[in-house]
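Okay, so chain A shows up in both of these, paired with chain B first and chain C after.
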Partner chain A sequence: MKDIPARTSKAPAAPPSRVSRSRRRRLLRGWGFLAPLLVLNVLVVVGPSIATIYYSFTDWSGLGPATFVGLANYTRAFGDPRLREALLHNGIWFVLFLSVPSAMGLLGAYLLSRIHRFQMLFRAIYFIPYVVASVVNAAVWKMLLSPTNGIGHLLGEWGVPGIGDVAFLGNPATSLLSVNFVVNWHWWGFLAVIFFAAMQGVDPQLYDAAKVDGATEWQQFKAVTIPGIRPTLVFLSLMTVIWSLKAFDYIFIMTQGGPAGSSELVSTLMYKVAFSDYEAGYAAALGLSMALVTAAVLVVYQYLRKKGWEE
Partner chain B sequence: MTTTTPINRRTILTGAGLTALGLAVPSILSGCSSSGAPAGGAGTGSGTGTVKLWMDIVGDANQKYFNESVIGAFSKAKPTINVMTTYYQGGDLRRLIQTALQARSGPDIVRGPSATQTLAWSKANVLADLSGYSEKWGWSDKLSSWAMQAFTTDNKLYALPMRVDTMLLYFNKTLFADKGWKQPTNREELESLAAEAHGQGIMPFGSSNVDWKAASEWLMTIFWNHYSGPEAIYQALTGQAKFTDPVFVEAVQLLKSYFDKGWIAGGADKYFSVPSQELGASFGKGKIAMIPQGGWFMSQVGQYFGSAAKNSNEWDWMAIPTLRPEVAYPLYEIGIGGSLSINQASKNKDAAAEFLNWYYSDRKAALQRMAHTPSTYNIPIDFADSEIPSTIDPRSGRVLTSLNKAVATGDYGYVTWTWWPPKSDVYVYTGLDEVLTGKTTAAAYCAQLAKTFEAEKAAGTIPQLMKRGPAK
Partner chain C sequence: MNATATSQLAQAPAHTEPRRRPGHGKRNRLGLSYLALVVLALFALGPLVTLVFNALKSNAQIGSSPLALPTSLDLSSFVEAWQRGNFGTTMRNSLIICAGSVVGSCVVAGLAAYALSQLNVRGSNAVVAYLFLGSALPAQLFLVPLFFLWTELGLTDNLLGLIIIYWATDAPFATLLLRSFLLKIPQDFAEAARLDGASEIQIATRIVLPLAWPGFVTVALIVALWAWNEFFWAITFIHDPNLRPISTSFLAFQDQYSTDWRLTSAAALFMLMPVVILFLALQRRFVAGLTSGGIK
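Presenting the complex of A and B:
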């Protein structure tokens, strides 16, 4: 038998000078494609980030020159009651923003997965609040929550007790919750559609197996659906943490953090500190602190991912 | 004459810093840029070319009027200068201009906020010194000296006063006639009327800060001027008295008591949640008896009355009643709403100054504008009552003559947004909201105000106050 020469997967080796030239060319091409994005990134992210770090150590008013004040802005932040209050509000906001829309989204997605007729229609209806601009949503809800012309007033006129003239946005006890309600209303439909899409990826055989084992609907949901969409759940939870830290638009349009700071979040406080109080240096310190909190969340997320929490 | 400054580290850091703020604060677009801007002072030559103006005039009709009666008229008078106007919302405009100014860009003609906030811009050297132009064209002879002083600091004229402000008590004239109510002139009469109206299910005073958070300072301006009195305010602003004095604290307590009784807005929670359009509609229908508001409201109040609002009611205004016997009646708090200045970074300062000179020097055109559009164009020029065009709405005309008289006799007070320093001014309304919600007390509010004020006074960030007595 004639020996067949062994086939090698490797191409014949090129002379070293040709390798380095082609590698260099490939590298250059890669950097060439990356360059516009890198330049943009340096201009709008890295540059301002460095400037923010710099200004956070100054007494910059937002206008004119800045004087170095060391850690004064950071030590001030620790004792600032307005910041403490805003952070507490951020905490409340986060808990509600994470739990309510997620629960509603899961329920909505599950219900969607159970129907076949009008499914597209319901998906569209769920999704509509998300695609409407936040400015429009907020302005409409501001009117709807008016104590003299809104939904509460209408219900009061129809005989519903205790709601007729409730100033949802004007009462410090309800202002934050009211705005959060509107944000959740706009958000849950989006989550429902995303969860629904994730649920489509769960192996139907797992449900069949669960049914054979006598699992109830709730048990199937708990033991099959939730583990099946865990990566989506984890990712959206992470994003919710980040989004809740940078929530701004609805608060700013509906209450501007009022009345008397009762719906103030750190983001709206930063805005006021920078533009009304002329303390841009302090606002930069607050912004940087929040960025660090966000970074910490990302680190925890990456750690958990590596530990296989997402699987 | 202008010079060119090269880009330096500070310019780059400044531009980057503002962008950073825009990124750090969600939904804030700072959009700034750096440029080699002229850093020299204002020239006094004759300008030509294009100048940019950003304005906060809202509504098609109002913008059309400004385009035709101001920009159009100026184009005819100075065809070599082209004024390009861009319109923004009030709150947005201030932020946009402030950001642009620091980035050495933005409009040539700067529509600034009140004197007190414009002062903060001037202190940061982002506004051109107008003293040369003023000297050249004799602006101090054309404009009221009290208003010019408010915009002069360190012997530098940094802006021109845009609109004379005062506070008035608007009332539903038809409702008053139907109920047989007389216009109150003192606290006793006012409170008796308020109690009667409230008892009949009519809201005595309409007010809201939903659309303009600083509206709370309008109320504080009224109560401090008509309860504490202008003499006390003058002393506090000049450091001879303190805002912690009982006369100031009592004024805050009195205002809060009106809220607690449901006289103002139906209570604090409604004040924070009912939009001003709704209030206006209720005012026109006779569900609200009076609205304490600034002179500027005169250009809006008409929409809630008559055929346009599908009712047959009429409105009028009265002077704010005195809330303490020691305080004069009638008394008009006086100040400036907004300013016009020139961007220090403008490359066409002379042309911008030409526009300002035309706007403030043509007395006849200025008086015509006052007659056409209630209160909006009330620039502080000196004029005799007889010069007011006969075509003016009598109610509008009465504001002009009343203010002329108040200035001449010395029966004027001080509005917070002109005579209080910037941070103190902001605290006047943010702090009052805390008082109204019970988060703080009147005494603690005044104490914090006094502290903020003293710090700003020490830093020299305080507008030049008009002295007591007859003024010009």
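Presenting the complex of A and C:
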């Protein structure tokens, strides 16, 4: 941006027609460099996305011809009890996924900011579950949550009542919460590291001023730390809406949405509709609806940012 | 930058301490902080450590005391899991996928980032905004038609087919990250070379892009990590057991030997260890990459 004046200052030396031609050539060159990225994106993302819009108005099975059915898929979605249940689960998922890892992340970050030694070590340890593959994390917790030799079984043997033979993943009452717990377990450390980095950016003088005013540590946390990292908090809260909608891996690996749909999310339901029920048209309508929710969140984000919460 | 901020924060309490009540309270609270941090660390790592324990124990021992330390060092589980799970093949597949994804993403994103930082392309702001917003869209939006398109093109059950998807899904992140590196390089370098008659592709590949090598290292690490761990696209597009990457082959292995936790744990470690070792060796780069643009 800053270099534009330097460049135009050369312009008067050359005749105007050459300038515009070289500028056009430069523009073409620029788009040439962008071409591989854009072609790939059109092929994999944009093209199929447009196809999704079209297919969402058809009864396409995934094979053969698609018949236009108007809004039938969308009216069907409104009356679909499976979808209603999945949306409720997404809501529960969102609330837990927003609150629990954030609270733990804030706690971890706050504790990290108070110590001097081993800071990097703890930071690395908290981050590790986030870089481990979902299939591995899911396998570990399948073992630990197993009723025959997991943690619950062990506690039962030690005499804790009522937990000895709970199949956390196999029981409709606990399946969703159990998978959510595992996702939160792998996620909070990532947030802790992000919050910790944000806390480093808070002006230390604000803490000194608060101390002079006699603020307790909890008051300092509320009055200095939290406002200091507010942009990070707002951004992550909004993204959490999107991530909650995208949640797929852990459910698919650990419960497949079961038992009896008790841990089904919109994403896993849509996958089943497409690849098990062969109702690609209906699946397209679900996928498009998810994307619209995501787009709405992004609009809110842009709006809030323009309003200046970042300052 | 972090380091200086940390040391400033660290000094602040030391200055004020003498003015306030001296003493034990502070040290106790510091001790409490460490205690809480250790508890959190055990919570984060404990479950993964049980994998190592279980891989070394017998199934009978796992059944009787699942969380206990192993009493013997029996490495046979690794050999057995490696052979039965055909991990030689699937790990090779994953290495091919990682290498292909890294090279392709670096080329595609490197060229794009060069244009977006050095060429003053009109409309580049719109492209940047699109890359940011587009990568937030759920895969469900384009999954179904993409699958049937890939089937038509013969790209399902095909490593290249999967790699192309990774190029497309990772390149926006890679482009934005590389662009942030390239924006720090003054355009005068490119301008000088241009006056010397160098072609634009020469300027990009010989002069400007090499200066952003730390960015390429970060991109390579993150893209490789994602390709290694990736599950959603792999399970949708690769069904042939001989073409599976390690993630979906591990899932199949786990389903097949669901009651044999000794073998499952050993297999999980094949997948886990390379990532953890690489992460510990290059921690800063991983954390910087994943927290900057890696929010996906």
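Note that the second predicted complex is superposed on the first by the 296 of 311 C-alpha atoms of A that agree within 3 Å, B and C clash if a C-alpha of one lies under 4 Å from a C-alpha of the other, contacts with A are read in each partner's own complex, and residues count from 1 in each chain.
What we mean here is this: a residue touches a chain if its C-beta (ideal position, glycine included) is under 8 Å from a C-beta of that chain, and two chains touch if they have at least 3 such contacts.
Please read all numbers here as calculations on a predicted model, not as lab measurements.
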- Message: Under the stated touch criterion, which partner chain does A:A51 make contact with: chain B (first), chain C (second), both, or neither?
- Response: both
- Touch check for A:G62: first (chain B), second (chain C), both, or neither? both
- Is A:L71 touching the first partner chain B, the second partner chain C, both, or neither of them? neither
- Message: Per the contact definition in the header, classify A:D208: touching chain B only (first), chain C only (second), both, or neither.
- Response: second
- Query: Touching A:V160 in the superposition: chain B (first), chain C (second), both, neither?
  - Reply: neither
- Item | chain B versus chain C as contact partner of A:P129, first or second or both or neither | second
- Task: With the two complexes superposed on chain A, say which partner A:R114 touches: chain B (first), chain C (second), both, or neither.
- Result: second
- Task: Identify the partner contact of A:G261: answer first if only chain B is touched, second if only chain C is, both if each is, neither if none is.
- Result: first
- Spot which of chain B and chain C makes contact with more residues of chain A, would you? C
- In the superposed arrangement, which partner chain does A:M143 touch: chain B (first), chain C (second), both, or neither? both
- Residues on chain A lying within both footprints (that of chain B and that of chain C): 44-45, 47-49, 51-52, 55, 62-63, 142-143, 148-149, 246, 248-249, 252, 267, 270-271, 274-275, 280, 283-284, 287-288, 290-291
- Query: Taking the complex as given, what residues does chain C use to touch chain A?
  - Reply: 2, 5-6, 8-10, 12, 16, 20, 29-30, 33-34, 36-37, 40-41, 43-45, 47-48, 50-51, 54, 62-63, 65-67, 107-109, 111-112, 114-116, 119-122, 124, 127, 133-134, 136-149, 164-165, 167-169, 171-172, 175, 186-188, 191, 200, 204, 225, 228-229, 231-232, 235-236, 247-248, 250-251, 254, 261, 264-265, 268, 271-272, 275-276, 279-280, 283, 286-287, 290-291, 295
- Query: How about chain A: which of its residues touch chain C in the complex?
  - Reply: 3-4, 7, 26-27, 29-34, 36-38, 40-41, 43-49, 51-52, 55, 62-63, 104, 107-108, 111-116, 118-120, 122-137, 139-144, 148-151, 153-154, 185, 189-190, 193-194, 197, 200-201, 204, 207-208, 211, 239, 242, 245-246, 248-249, 252-253, 267, 270-271, 274-275, 280, 283-284, 286-288, 290-291, 294-295, 298
- Spell out the part of chain A that touches chain B in their complex, as residue ranges. 44-45, 47-52, 54-55, 60-65, 142-143, 145-149, 165, 167-172, 175, 246-249, 252, 255-256, 258-262, 267, 270-271, 274-278, 280, 283-284, 287-288, 290-291
- Query: Touching chain A in the complex: which residues of chain B?
  - Reply: 10, 12-13, 16-28, 94-95, 98, 101-102, 120-121, 123-126, 209-210, 213, 266-275, 278, 282, 422-423, 426, 430, 433-434, 436-437, 439
